[in-house]
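Following are the structures in question.
One chain, chain A, appears in both complexes that follow, with chain B as partner in the first and chain C in the second.
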Partner chain A sequence: MKIIQLIKKLTLIDFIKGFIVTLKAFFRRKVTVQYPEVKTPLSPRFRGKLALMRYDNGEERCIACKLCSAVCPAQAITIESEERSDGSRRTVKFDIDAFKCIYCGFCEEACPVDSIVETNIFEYHMTENQQRIQTKEMLLATGDQYRDQTIENKKKDSRYR
Partner chain B sequence: MKELLTSFLSFLDPQWINLIWSLSQIAIVTVCLILTVVFLVYFERKVIGYMHARVGPNRVGPKGTLQSIADTIKLLLKEVIIPDKADRFFFLLSPLLLLIPALAAWAVVPFSPEFIIADINAGLLYLLALTSFGVYGVILAGWASNSKYAFLGSMRAAAQMVAYEIAMGFALVGVLMAGGSLKLGEIVAAQSGGVLSWFWIPLFPLFIVYFISGIAETNRHPFDLAEGEAEIVAGFHVEYSGIGFAIFFLAEYINMALISVLTSILFLGGWESFFAGISFLETSVFSFLTEPSLFWLLIKTLFFLFVFIWLRASFPRYRYDQLMSLGWKVLIPITILWIGVECVMYVMQIGPWSV
Partner chain C sequence: MSDNKKIIVTIDGIEHEAQPGQMLIELTDQTGTYVPRFCYHEKLSIAANCRMCLVEVENSNNALPACATPVSDGMVVKTKSKSAKTAQESTMEFLLINHPLDCPICDQGGECELQDLAYTYGKNQSRFDIQKQTKKNDDLGPLVSTDMTRCIMCTRCVRFGTEIAGIQELGTIGRGEDSNISTYVSQTVDHELSGNIIDLCPVGALNNKPYRYTDRTWELDQVESISPHDCIGTNIMVHKKDDIIRRIVPKNNPDINETWIADRDRFGFDGIYSEDRVSNALIKSNNDFGESKLSNAIDQVVEHIRSCKNENRSIAVLFSPSSSTEEQYLLSDLCHQLGITAIDSRLRQGEFINDVDRRFTPHMNITLSEVDTMKNTLVIGSDLRKETPILAHRVKKSADSGALIHSINAHPSEYHFQIDQDLSTDNWVNNIGLVLKAAINLTKNHLPNNIADHLDLLDEPTAEHEKVAASMCQDNSLIILGLNAYSNHKYQLIRSYVHILASVCKTNLCELSEGSNTIGASIYHTINDGAENIQNTSEILQSKHDLLIMYGFEPNDTIYKNELIECMKSANSLVVFTPYMNEHFQQYADIVIPINTHYESDGSMINLELRNQTFTHNQIINSDQFSNVEVLMSLYQGMDMQSKSIDEINESIQTGIEIIMNSSERISLIPEVTQTKPSAESAIEFNMYNIDNVLRRSKPLQQTKEGIGKK
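On to the complex of A and B.
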């Protein structure tokens, strides 16, 4: 056995094998996606930026039940509620800390009125530290902006739920 | 080219003409070397990318060719940070101590039968001296940085370079015996007459040992213990930024090119053609293929540079004790053994070099 080992070492067989592996890879088709120009397809289940949705008549869906903030493992959601003049319960404050959020989607699962949703948006940024807090207005604006796309994605996924 | 210069400047003293000729040669070689490094950085990233099934840099310029120029500009514009407790003088000197020998060694490298800056008698000895001089730059860089990581890196580099220097020297002894001269030009001349009369066949173990120890000398993968980023960050140049780091980089790549060009000169017949000695080619219209020229040297050098990068893409880094045992227990015995074999062959008049 020792002699075989010695011959193996001296003839550099293992090195040549390694070289052949990398040389094969050299001529293989490249899998790189040229990102900003070309994008990989996204699943409708993709969990991106959070948003708050409205009913068709423009009324916000959220009823301040605080289930999302209770289920949130990162405790990223802060909610304060009040009673409106018509007797309904609504939020006055709905803040999501984007740095705490881990995009697990539990809030979406917990929501009884399908108010909080995760959109497909993953390309966004902030330039100031304070901007990490997504206020109610911002979340609603995101929901309005990507309403059609989000609804379509949720419909596609609904058969599997 | 020299004749042209002589006729153009015939009013001058021949001594002055020689001086101007030497200076212009130096300028040509230096500029070409720096361009080679610029190309090499791009080449390395592209080849490694391809071997990882990526495409490598392709954003700056056509196909990413200007990437390394952009990198250079970035490095030149960066702030040079000198650590507070560092030895300023040696900290600034050590990159130069690495770069100067790397450049100076090219003085004796014959690019073609005519083009050589200094055709000195002890060319091989000069090369050996200058390639081992680089270790001072590494040690001083680590020591002057006053950083533990840098110091550990330079200690490793020093031990490694000293160990592999010996194997390299012995491999050169074999070449010296076969070529019968210390002049690189004459060593190439001794290999004339086709692929089969190059030294790589009779000196095959020395050829492999020389290239392996050359890789270790330049601190390249898989022997880059001196800058093992997993355990000692970046080794001896961890404290360098901006232009200092760029000079270390430049020296490393110039050394890589030097080892490649030397391996092709010493073992693969330098500027000799691959097709030399094939009689039907020599008489046909393709006789230009059999002519010795700079082109062949460049092809061979490029191949070895590719092997350098290929190795880097293929193999993990050696452990420190493996590195040392490879150097002392494998490479040095092999070279000594083969020199013995060569002596016997020389005395028995076997082999192509026996006179």
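On to the complex of A and C.
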């Protein structure tokens, strides 16, 4: 045993093996990219910033069923609801705490009307602590802004659901 | 089959003893085997129209409905066998054919019997691809919302109408697929118990309108409590979220309210969120209220009391009969220690002459559940349905099983059961006297002279009076003395008549009292025998005071409203402890100290059968406001006096209850002042949604017919 180790040490055989790996990789095609100048492609299933969607006629989809807040493992969603003047059930408050959210996507799964969705957006920031609360208006605005892209993504994924 | 012979029924392989005549579902419920059901309800008759409870019974070709199959000896039942399961699953499939898929917006979602059972018995896919049926919604008024498309035609609500409410307000129209639950002439549901159809409806067809679309059931926490709106002590569950009461549902207590609660118990709490709540202590200077710290205001009150005390000027205290026993006790003890004799809580009692020993405080000497078994009941001076809806329901139950109910009131009241003899005339007090006279003639009792003399002045009883008297002299009879009599200016005469009648005929006696805790208020005087030189409300209101303290009520809560306002005006300083501001306080009060309503405090209340029940709402208190007991304790501290601890108070309460319970004496004197023939008089309007400061501010109740009719 001792003799084999001694020979290995003297001939630097492990050292050379390591260099061979490096040498091989040196000639291979690169897999890393120069973020943020270059971006990797995202799966349509990518779970990013949350948004609330609308119907084609501009009516908000959410019916205040609170299933998303019930299922949320991080308890990130706070909803208050009431009867709107036209008799439909609507939220008056829909807050998501972006710091609590763990982007698990359960809320999207739970939603019976495809209202709450996760967009592909993962690059966003806030400068003040309070901004972590995404209000209903902000969520709807996000939904409007990335509407086409999100619908496109959901369509792509629909085959597998 | 003889009644006491037990029979053996095998359920899912286990043998159980059963009572003959029992339905299978009662037995399975008793033994803890769950059989799914929609139309069966233990308090309602059996309709057997939903077919969800089908079970397999050996030697029968078809599955049988457990709710409508009586047990028989040697019966072998399988509730989980393949054929039972198939039957139940098929029923579920049929039920779901027309049921909309709107659980996400349905308030019943999460507590829906259909939803729960659909998980177990429902199929994932519907085989029905024709259009679903929709139904028209009727407007059932401000309390109950309707979404009739969700109805599964179990007819529980219809049976509630006929069997419990006694008025058919809801009915089934049409047949088969076209059948509908509807109010016949689209009248609103105005019954005082109508809110119970919300709980009965197994689906979301009938729901709580004020609560509509606000919360989901899984978000709510529940707190057990007692309803403070009448002397019954109804048990309730308060459902709250974020320290705000969202709704109230019944708590089943077979001894008191069974599974029912009155609408005012369910919707009354809304009043605590009224805009005129007082949140800060207010002190008046130059005719304007300025906000101040509670401790400052208390200091000022203490200062007022001190100076009045030192200069021997008069202090009077009036407090609400609906506050907790602890508050009432502390207040009474404070006055006692200070030597204040002007203290009372009886704001609606019509007459105080010859006001006898407080041991006679109005109460009942049987239990509420015994009312069901009474065979003869005489209701005197009462709109029973409005005054105590739960007691009225108990009386109805006895009437349904054949009891004779008689009524003597100033005006014929509307009842949901048959009235045998109705002696309601303008001269109703006289009628009570005549029934007493008839009873004495019948039993040949010897009476003290003053009563005999008094009765001699009356006319001769007619056949009707004799009938009522005869019925009262039978076993299992009960006299109920209501709030209309309580507020009458001949109350003491009526009460003497009733007490003498009760002892002559040996009937049971049930006297209603105002507020939710009049008995609690009398506890202090009961144990301290200190009632002789205590002034009563009427005496207090007749004189001028240097300091008037009002605790927990407002002028509208008393029948002496005008006198009270005069008294408030004439008092040198007026201190009010109140949850709410109103125009009179605004005008006359000098110091306003905010206190909590019942729904935000802890304590105990004694109901009319002398049952002491405690309640804790500490989770609902919305701010760091002091509790009422703490406010009162701070008065003690300010005066450098020693207050009893809560434990000592509780002990005293027990003693007091025992004294009242053990005194079987009855009033046996006719008040002397009224030894003339009673004359005709008018009655006082009783509005069931205007009896205390919380109900008066409950928006949903004030939108009902009764509420609108209050002005």
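Quick note on the criterion: the second predicted complex is superposed on the first by the 153 of 161 C-alpha atoms of A that agree within 3 Å, B and C clash if a C-alpha of one lies under 4 Å from a C-alpha of the other, contacts with A are read in each partner's own complex, and residues count from 1 in each chain.
The working rule: a residue touches a chain if its C-beta (ideal position, glycine included) is under 8 Å from a C-beta of that chain, and two chains touch if they have at least 3 such contacts.
The shown structure was predicted, so the numbers you read here are calculated from the model rather than taken from an experiment.
By the touch criterion defined above, A:S81 reaches chain C but does not reach chain B. By the touch criterion defined above, A:L12 lies against chain B but remains apart from chain C after alignment on the C-alpha atoms of chain A. Of the two partner chains, neither chain B nor chain C is touched by A:V33. Legend: residue contacts after superposition of the two complexes on their common chain; A:M1 is shown touching neither chain B nor chain C. Of the two partner chains placed around the shared chain by superposition, chain B is the only one that A:A25 touches, whereas chain C remains out of contact. In the superposition on chain A, A:A70 contacts chain C only, with no contact to chain B. Shared contact residues on chain A (touching chain B in one structure, chain C in the other): none found. Interface residues of chain B, counted against chain A in their complex, comprise 47, 50-55, 58, 208, 310, 313-315, 330. Within the complex formed with chain A, the residues of chain C that make contact are 104-105, 109, 212-216, 218-219. The touching residues of chain A, when paired with chain C in their complex, are 63-67, 70, 80-83, 88-90, 112-113.
Taken together, the chain A residues at the contact with chain B in this complex read 9, 12, 15, 18-19, 21-23, 25-26, 28-32, 34.
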